[in-house]
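Look for chain A in each of the two complexes below; its partner is chain B in the first and chain C in the second.
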Partner chain A sequence: MATLAERRSLEPWQDPKAVPYLRIDRVTKKFGDVYAVDDVSLDIFQGEFFSLLGSSGCGKSTLLRMLAGLEYPSSGRIYIDGVDVTDVPAYSRPVNMMFQSYALFPHMSVEQNIEFGLKQDRLSRHERGERVGEMLDLLKITELRKRRPDQLSGGQRQRVALARSLAKHPKLLLLDEPLGALDKRLRENTQFELVNLQERLGITFVTVTHDQEEAMTMSTRIAVMDAGQIMQVDTPTAIYEFPTCRLVAEFIGSINLFEGKVVATEGNEVLVETRVGRPMRMRSFHPMVLGTPVTVAVRPEKMRLCADFRDDGVNQLKGRVEDIAYLGDVSIYRIRVGDGALVEMTLTNVQPRTEQALTWEQEVAIEWSPTSGVVLTE
Partner chain B sequence: MRRRRWPLLTVLAFGYAFLYVPILLLIIYSFNESRLVTVWTGFSTKWYVELFRNQQLLDAAWLSVRIAAVNATLAVVLGTLAANALVRHRHFRGRTGFELLLTAPLVMPDVIIGLSLLLLFVAMQHTIGWPDGRGFTTITIAHVTFSMAYVAVVVRARLSQMDRSLEEAAMDLGARPLRVYLTITLPLIAPALLSGWLLAFTLSLDDLVIASFVAGPGSTTLPMVIYSSVRMGVSPQINALATIIVAVVTLAVVIAGISMRRGPEAR
Partner chain C sequence: MPAPPPNRAKHAHRTSRLVNIGIPYLWLGLFFLLPFAIVLQISLAEPALAQPPYTALWQWVDEGLLRIEINLRNFMMVAEDDLYLSALLNSLQVAFICTLLCLLLGYPMAYAIATAPERWRIILLMLIVLPFWTSFLIRVYAWIGILKSNGLLNDLLIWLGLIDTPLAILHTNTAIYIGVVYSYLPFMILPLYANLTRLDLSLLEAAADLGCRPMRAFLRVTLPLSMAGIVAGSMLVFIPVVGEFVIPDLLGGPESLMVGKLLWTEFFSNKDWPLASALAILLLALLVVPFVMMQRLQQRMEGSRP
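For the complex of A and B:
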C-alpha cells in the first residue's frame, strides 16, 4: 500500500481523488475563422513539470498565453486552484510567465527588472530588497545586479528573466520556450538546473517547447499538440514507448511504421498482415476486430540482429544494409527489406566501428519481440 | 589602378556648397560693419546690439517661441495618441480614413491649410463667438493641426519597433495598463517624443504662410516680421537674428539626432 501511496504522490494524475491545481476545461480560441486552440481540456497537478509539445503553429503558445491572461478564450473555462480565472486579466492572476524573448526591460538594471513585479505588489522597500537578494542568490547572478540587459549574454538574460518571473513567488510558472534561445551545450546544463529549481521550490511549471528532447528530459508529463488539439497526454516514457497515434509516434524520435490489417487475434496478441514479409505478431492493449486497418510501430533501437532466421519466424525480416550513419555511441542502419521499404535499426557500438561486422550492401536478418512495439489504429 | 577620388569629392563639395554657402554668407554678414548687407567693410557685433534694442523684433520672437513651445507640447500629446491608435489597434472602423486624415497635412499645401483654417475661425467666431479675434490661440491651433502629423509619424515608427512582449511582461508582473504605459512604454519611446517635440517646435518657429492667414493684428510672429522687413530693404539686424535662429535650430537638430541614435541601442 505504501508504494501505491508513494506512487500517487509522485504521479497525482494516477489518483482519481487528486484535485488538479490547474484545470483547463474545453478551451477554444479562434482567430477569425482559424482555430488556434480547439476544445482542449487538461488537468495539471501541484508540483508538476508539464510540457506542451508541438511544432510551431500547433496552438501551444496560444494556450500558454491564455493561462497567463494575455489572450482570452473564445469558449471554455480555466481554473487555477479551484478559482475560475477565465476572465481575470493578466495583472491580477497568481501566475507568472517567462517569455521566449525574455522581455527584459531595457531601461532598467537587472535589479530593477527583478524588483518590478514586487513594486506592483506594493511591498516595502526592505522586503523588496530582501526578495531581490534571494532571487539573485537563487540564480547565482548577484554580480550582475547593476548591469543592463544589453550588457548580458544570452544565458545571463535567461537567468534574469527566470529570476524576475520567480520573484513574486508564483504558484504556477509558465515558460515559453525557456531554453529556445540558448546554444546546445548551455541548454543541456540549464535543463537539469531548471528541473532542480522546480523541485526545490515546489512550483508547478507549465512549459511550451518544440524540442522533444527537452520535453522528455524535464517533464513529469507531456501533452503533444497538433492543429490546436491535444493528441496525447502522458509521461515521457509512455509517450515514447506507447504512443496512441501515428502523429505522436512520428513526432517523438524515429520509428518504423508498417501499415496492414488485423488477420487474427490470440489472447492479448494480434497478427497483422503487412506488405512486408510474414504477418507480424504484436501485443495489443485493446481488443481488435478482424480486418481493422492498423499500423505496427517499432522503434529502431528495439530492432536487433537475428541469429537464426527461419521462414516461419515471428517478426523477422530479411534485407540489405543500404545506409549507415555512425553517431559515435550508436549507429543507425537503414535496411531495404523485401518489398522495397526501408527499415531503421539502431545498434549500440559495443565494439569500435572498425571491428563491426555490418557493412554496406550486406544481407542481414532482423527481428523484434511482440512486446517492443505498438499497434496503432489511427 | 588606384581609383581617382577627386571627381566624387568635387560633386560632394558642390552639393554641400549649394546647401550651406548661403547660410554661411548670412552668418558672416551678420558681423558686417556696413549698413549695406552686400558690402563687407569690417567686423562688428553692432547689429546684434541693435537687434536687442528692437522691441518689435523681440516681441515677435518671444511670441513665436511661446507659440512653438505650446504647439510642440500639444502636438506631442495628440500625435502620440494618434500613433498609439494606429499601431496598437490594427483593426478599428475607419482606421484607413483616420490614417489618411492624419497624414494629409504632410502633403497639403500650406496656403490651403492656412486659408481653410482662416475660414473656419471666422465662421466659428460668428456662430459661437470663439475664438475671439485671431492671434496666439488661432496660430497655435493651426500649427498643431499640421505638426501633430509629423509627431505621429516619428512616434509611430518607434512604437511599431517596440517589442510587445515587454508590455505583456509588465502586465504579467502585476502592472495595470496605465502603469504599464507610464513605466514601460513611455520611457522606451521617450527619444521619439523628444525628437517629435523638437521637430514640431522648429516647424512652428519657421512657419510663415499659415501664420500669415490666421494671425490677427498685434500677433505678428517672427517670420512675418522678417518677411515684411525684407520687403522694405534688408537690415543687417535680420542677419543677426537669422544667425541666432540657425544656431538654435542646429542645436535642436543635433539633440534630436543624438537622442534618436541613442534609441536603438537602448532597446
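For the complex of A and C:
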C-alpha cells in the first residue's frame, strides 16, 4: 500500500492543496447559436497525461484549440501555471500542439520543420542545431532529417510532428488525435512510446481522442465529454468501473443496463426492482431514497456462469443463449433472460472453442456479485 | 470474356500510347512548329515587290543546281539599329513593371478571395472575370475617356480640388501601365487564387503555435508555398505584355515604342515582312529564356508539394 504522500504525488488531484498547472475556469465557446463547449471547468496538474474523450462533435477539439490559442473562449478564463492566458495569442503561449493532420511544412525538410519553432525563439544557430539533434535522437528519426514530408510514411510523419512540437521544450503539450492517422498495430506500439516519452520528459500532456482504448491505456485521468459538457473526470479505472452516469457507462466498453427503482436499503447495499428477475442487490456509494428511479449497470465480463441456481439466490438470472461472438481470446454471449431482455456476458476462452459446452439455444443461469457493478441515478 | 492474347494486348497498348502521345505532338507541330518555320524562313529572305512580298529562300537555277540564299541582313539591321533594340528593351521593361504591379495588386486580391467565406468567393471571382464579357478593345478605348485631359479622372481630381490643371496621363507610359495592369490583372489573380485555396490552413496554425507572428507566418509559409502560383501568374502576364500592341497603340505616346507596335508598322505600313519576321524571331528567343527558367522553378515548387 502506498503512503498518503506517495499517492498524492502520483495523484495530485487527490490533494486539496495541490496547485493545478492548467486551470480551465468556466469556459464556454459558442459558434453562432451552438455551444461547442458549454461551461467547462477543469484542473490539470503538472506531469499529467490527461485525455479529453468523446465522440466527434462533442467539443473536445474546440477545447484543445482554445488551450493552444487557436480559438478564443466566448466566456471563462484559462490559466497556465497561474498566468491568465485567455487573451494571449497562439504565438505567445508557452504551449505547443501536435496537429491531427500533423501540419508539417511541405516545403521544408524534417530538420527545418523541427527547427522552425526554435528560429522564432531567436536561438543561436549552434543551440538550434543541438536541439534539433536532440529531438532527432529522441524520436529515432536522425536518418530522415534531410527528407521532405511527402517522402515519409504515416508513422514517420507522426514522429516528425511530435519532434517539432517538443523541440521548444514546452511545459504543456497538446495532442489532437495523436495516433488517429496510424494503423492499428502501429497505434498500439506508439501508445506505449508516447507514455514513456511523457514520463521521461515530465511534460504535461493534454490529448484529444475518440478512441476509448487509447485513452484508457495512456491517461492518468480522462474527461469524458458530450455535447460540449464534461460528464465525468476520473482515472481510467474509475471511469470504467465506477461511471457516474449512463452516458459514460455506455461510451466506455459495453455494459448491461437494468432500469428499475430502489425498493430497500440495507447498510451500503440497495435492492433494486427491475423488469428482469427478482430485485437486484447492489453496493451503493451514496445513500438512496426509496423509490428513486435508478439503473443497475454491470459489465459483461463481471457476469459469470452460475453453478447452483437458487430461487432465492442473489443477482441470479436464467436465460437462453441467443448469440455467440467468438473473438479468439474471449467470446461474447448474448443471453435472452426473463421477459425478453438481452444480457451480454464475456467469458475467457480457457478451453478451445470446440471443447466448450456453451452453445446456441442452451439454457443457462448467470450471476454477478453486488460489488461487480454500479447503481446509476441518471 | 477471355483475355485477348498477350501479343495483341501489347500491340493495342502500344497503339493507344502512340495515339495518346502523337496527338499533342501533331498539334504542336501543325500549329506551332510549322508557323514558326515559315516565319523563320521569311526572316531569312529579302523584301520584294511581289506577292508574297519577299524572295524565295531557294530556287532551281539550272538542271540540278539549287540556289539557296540565306539573308542575315534583317537580323543585322535589328541588331544595329537602336530603334529596334530600344523598342525591345522598352517592351521588356514595361512588361516587367506591369508584371510586378499586377503581382503587388493581384496577390492581396487573390488572398482575400481565397480566404473569404465560401458564399462570397463565387461572387468575388465573378467580379474578376466579368470584364471579359466586354470586348477587350472597347475596354481599352474606355480608358481613353477616363485618362484624357478633360476625361473622368482629371475632372474628378479637379472637382476634389487636388489639382488645378489636368494631368497629362494619356499617351504616356503611365497610361500603358494603367491599361495593361487593368487588362491583365485577372490573369495574375486566377492562378494565384487557385493556388492559395489549396493552402492547408492548419499549416498557418502550426506556424502560430510554434511562435510565428502572422506576418512572419505569411513570409515563411504562405509565400513559399504559393510560389508556383506566382510564377504561373507572372508568366501569363509577362509574356503577352511584351508583345502587346493594342494598349500601347491606343493609350501610349511617341515615347513608348513597344515591339508589338513596331512589328505592326513593319508588317503593314512598311511591308517589310522579312525584317518584321526577324524581329519576331528575336523576340521569341528573348522570351524563351525566362520562360524556361520560370518553368523549371515552377516544377521545383510543385515537386515539393505533398
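General remarks:
In the analysis below, the second predicted complex is superposed on the first by the 376 of 378 C-alpha atoms of A that agree within 3 Å, B and C clash if a C-alpha of one lies under 4 Å from a C-alpha of the other, contacts with A are read in each partner's own complex, and residues count from 1 in each chain.
In this text, contacts are C-beta pairs under 8 Å (C-beta built on N, C-alpha and C of every residue); 3 or more make two chains touch, one makes a residue touch a chain.
Source: prediction; values computed, not measured.
Superposition note: with chain A as the common reference, chain B and chain C are in steric clash. In the overlay built on the shared chain, the residue A:P106 is in contact with chain B and with chain C.
In the superposition on chain A, contact is made by A:M97 with both chain B and chain C.
For the contact definition in use here, the residues of chain A common to its chain B contact set and its chain C contact set are 68-70, 89-92, 95-97, 99, 101, 103, 105-107, 116-117, 120-121, 150, 164-165, 168. Remark: chain A residues 68-70, 89-92, 95-97, 99, 101, 103-107, 116-117, 120-121, 148-150, 164-165, 168 touch chain C in the complex. For chain C in complex with chain A, the touching residues are 200, 202-203, 205-214, 216, 220-221, 224-225, 301, 304-306. Taken together, the chain B residues at the contact with chain A in this complex read 163, 165-166, 168-176, 179, 183-184, 187-188, 265-267.
Chain A makes touch with chain B in their complex at residues 68-70, 89-92, 95-97, 99-101, 103, 105-107, 116-117, 120-121, 150, 164-165, 168.
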